[in-house]
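Both complexes below contain subunit A, partnered by subunit B and then by subunit C.
Take a look at the complex of A and B:
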């Protein structure tokens, strides 16, 4: 019997700040601030069940009945954590690109704005887990570094260079 | 009915293993919130640990035995019921597993009675007698090995033991307790080694290598050329060997290479013999004469045209000895030739057959010398030059800096005196002599890494016998190790085992080193060497693989113009034909291009006879290829029982080529249809220029088609298999695919496969030598046997 092959999609939900939100000004002060803002915990209304419903609805809206029939039925959630906003979706091998595009096109789940991005696709769940472990470790490493002074030093260096430009001669070719 | 509880428990276990736990968030927080750093880190840690736990759960959900935790290369087939085959650290778990299961315990052995017990006891007594004879210092004589029954063998042995016990020490044939002796033939063939009495019967037709038993447990062996040679490890190793050849070292037991030692006391005759058999015509290089470089090239028997194969020749004028090391199938012709030469010399000269007294170990890969240096411990109170050279070589990872032919000789202690491989101390940081200086001096040939005493001992029968003096058995060595504390790595060699082993190390190829040692020292060195982590043992197939991946031809497959290669090709054809004839008629497809007419152009191997016939018959017909293609086939005329055929068309030529072998009626055997192109031979030069002549049909059968050896690489995707047909690509600006007709075949690919080092399919093959006449670019078309597609490839001459 020929094997039915699956694809496991590792995704996470990120929350970039909008112009009218509180975190907008403090977002770019340091790396840790940016990361913490992006990777917030998801509201309790987002659960595996509601995620599946939202994905199926998006596929139905964008790909019609055909898409819903082929891709929508074989989608299932293997893991989803509210605290870290990451999850693993399983789908058939032939329709994984449909599912990824549906994830991208989703903008609301149960009246909360979401932004979903696909991080890794793999044929086995073990490799997805391994990739997520590697990624989490990298995130933890970035957070523990103290990078709050980088922005100021960059800005000051730009200011000093701007001062040098005042003595530049005019280009004659531009005339 | 099987108990249902078990199945449910298993299913539940499998199901539970697949769920991944998530960290529960506080139910009071229903909105998204930004975490602080500590909480974020904790959340990520929990996620990581839950992923890892789920992976472990799925692994252990299905039942595994303890030996399945071992890597593939350490598993043994009988480990499931024989606990001793599992490494000691897992043994207690395995025992517990076996106690619980009913199938794990092996069945009780039946006790033998009556006649069987008598036979077993008598066999045991024979072995005891032979080991007692060894201890007393003797070797079993021919009567023991003859066709007598066991009782008479035991009587013979006890008689010998009585004789030896009363004689004094100097007259004993053995000077050790393990049975090592020097088996050299002086001016005659050496007698076959008989080995242990226990295994004598199996060695009657094929000689066992010194490391045979080690290989028998781990390798597939093949009986060839009178030896049993390790062919390939039992596990799959194609990719791992390729990786090992790029980064580590691969070790081979090549004691099947036959060695001949020629001793000539007169200097003129010495040099003339060397000039005769090597490629040098007028002057021999000094480094070759004084033994600092070996010669690794073609060996000529007689005149320049009689190349038989590639060999390693080591010569040392100061001790008047030449060592010739050849592939076993060439041994007879080389030995007879050298013997005939040596007997006609005026000065005192001898020839020694050292097939069974000198063994060798080959090493491939960049880490070859660093790995083997961990095992060979040099005797320090000898010339410091060889030690210095050795230290430099052992510390560098790049063996490409050393020129091919570099030779070092020294004496080493018994390698079994060290428990673990130990690194050579690096060369002293000396600003006067660095590794660059060493490379320069090696390339110029004035570096002296040879220790004269060790070469003398290695190349003389007395020296080898002296190295076997008081050789320790494994039991004796472990006794010595028991005397000292269990943490020590080595035993004081000078007191315990003062035997010094003469060793010759030489670089014989781009990445290949060889180590020549006396026969009975090969096994101790081998056992220590395979314990080094960087080495993997290999066999004949791996040698072929390594040569192929660096686009070098392998003897004998890729040399069909030599006798050995020709026989290998013929044997392969017969084998494939036998396999094909066993197929059912319904599964045979004769509509394929090569299988329509197997008599005309054999689809089972490289049919060089047919190509030679086509080329020369076309010349005989005095028509161009275009004319022949245009004409209609003519009828055959029968004149007085001979069949006379006019060569007017391609069809005539093909039919005539089938009958060529019947025309020749002489008594001397026909020569091989192809010969390697040599510009000094008149016929070859005329062939390449296009001005050669063929007089009649007998000439067609007698002449040899000149061929050149090429390495082929595919341009686009595709595969090449052995025996693929090669076609020229036309004389235009662009390569034109040829017509699918056997007449246009230019040559064959003798070895073709996917090349892991290159990343695409490559091949080694032979084509007609008049390449320049037939096409003006270095492209070829390749067609595999039985297929119709042509693949474009480029080639270059080797």
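Take a look at the complex of A and C:
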């Protein structure tokens, strides 16, 4: 009996400054300003449900009915944190490149202009979690060089992320 | 990672960029930096009809690179900025004084608009990069013979992804009659043509992002192009090695004798890292320009080229 193979895609949502945003002029003034703007927390309107709708719509737009059937229907969101704007997508192994391409081609979720970066692809969800925690630490280290007040909120939210993964729903076929 | 195309907001010599345009450019550069790009070239595109002030060398390059470097590099220590000129060419015979222009820019690129121009650019001109306008259907067929011989010579071909990823905002500047769907279709078709004719060799991927929203993670773009048939094993070089070669060959033009020999104790990387502080009008150098050779033309050059691959 051959096991059903999956791919887990770790992604994060990045918020680039637009011409009418408040950060427009201060964005390029320091490294931590840029990082804080790009990695800001996601609004409540972005949830696993709206994300998956957006992904399926992009696949439908770019890959048509064939893509939507083969790749789009196998996609599900396993984890998404609004605080860190990070999430994990599960999809079929044969179609993960299509899913990543669709993530690349997205530029808008609900009403916010975003770009989605795929950070890591793995066969098990555990490695994605570990990688995500590693990255959060790295980001914290970069930010702790700077002594601004806003960073505290972000750092604390990053610290909670390690605990957050307890809530990730497990797959039946993995256990 | 390398991104060889961040457009300079102005396309002529008469106007100066406004304050907000400069801030936008800086934002784009910083966003790219945050995504992992360290070597970024700012691209100045002009039509061949525009007269270049050949007489006064300091006016040839309108990009205020000193200002950008002084603003950004102290805050983002790994950032390296370069300048690039892209000429939109329909008749290469009209291009005069290329020798004088090329010493002012780090990279020299052309955008041929017809087959004859492409042919002449690949055989006659001393350039580093060829780019196409991917938003419209190419009016000619890319032949493997033409593209292959150019790649053999060391010229790279550019794929610029901003037109495909930017959605609605990217098209505010373009003609409204060309709709978004058509631009995407043309992009995919043209990329397929380029991949087929070049056999995945000598391709450079760059953003062409005029806004921060048009930038993407390099690996993700590679995945997108892999679904189009880009060779898996050659994909990674498109954003690292090939782009670096373009920079090296562009810098060698300024800093070496006949693009083959460069004296000094510095390692090869220093060629791209170090910016010349003062450019003295060297009479002797100007004379040798006419005999300039490309690396791959001579057997010794080919040896050098192979060594660089390590």
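The definition used in the following text is that the second predicted complex is superposed on the first by the 146 of 175 C-alpha atoms of A that agree within 3 Å, B and C clash if a C-alpha of one lies under 4 Å from a C-alpha of the other, contacts with A are read in each partner's own complex, and residues count from 1 in each chain.
Please note the rule applied: a contact is a pair of C-beta atoms (placed from the backbone, for glycine too) under 8 Å apart; a residue touches a chain by one contact, two chains touch by 3 or more.
Because the structure is predicted, anything quoted here is derived from the model rather than measured.
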Inset, instruction - Kindly say whether there is room for both subunit B and subunit C on subunit A in the superposition, answering fit or clash. - result: fit
Inset, instruction - Considering only touches as defined above, state whether A:8 meets subunit B (first), subunit C (second), both or neither. - result: neither
Inset, instruction - For A:28, decide between first (touching subunit B), second (touching subunit C), both and neither. - result: second
Inset, instruction - Classify the contacts of A:126 with the two partner chains as first (subunit B alone), second (subunit C alone), both, or neither. - result: first
Inset, instruction - Check the residue A:98 against both partner chains and state whether it touches subunit B (first), subunit C (second), both, or neither. - result: second
Legend entry - Minimal inter-chain CA distance - subunit C and subunit B, angstrom: 16
Legend entry - Shared subunit A surface residues [contacts with subunit B and with subunit C]: none
Inset, instruction - In the complex, go through subunit B and note every residue touching subunit A. - result: 20, 22-23, 25, 27, 29-37, 40-41, 43-48, 51-52, 54-55, 58
Legend entry - Residue ranges of subunit C in contact with subunit A within the complex: 20, 23-24, 26-27, 29-31, 33-35, 71-72, 75-76, 164-169, 184, 211-213, 215-217, 219-221, 223-224, 226-227
Inset, instruction - Note which residues of subunit A are touching subunit C in the complex, please. - result: 14, 16-19, 24-25, 27-31, 34-35, 38, 62, 97-98, 100-101, 103-105, 107-108, 113, 115, 117-118
Legend entry - List of subunit A residues in touch with subunit B within their complex: 15, 23, 32, 36-37, 39-45, 78-84, 86, 112, 126, 129-130, 132-133, 136-137, 139-140, 143-144
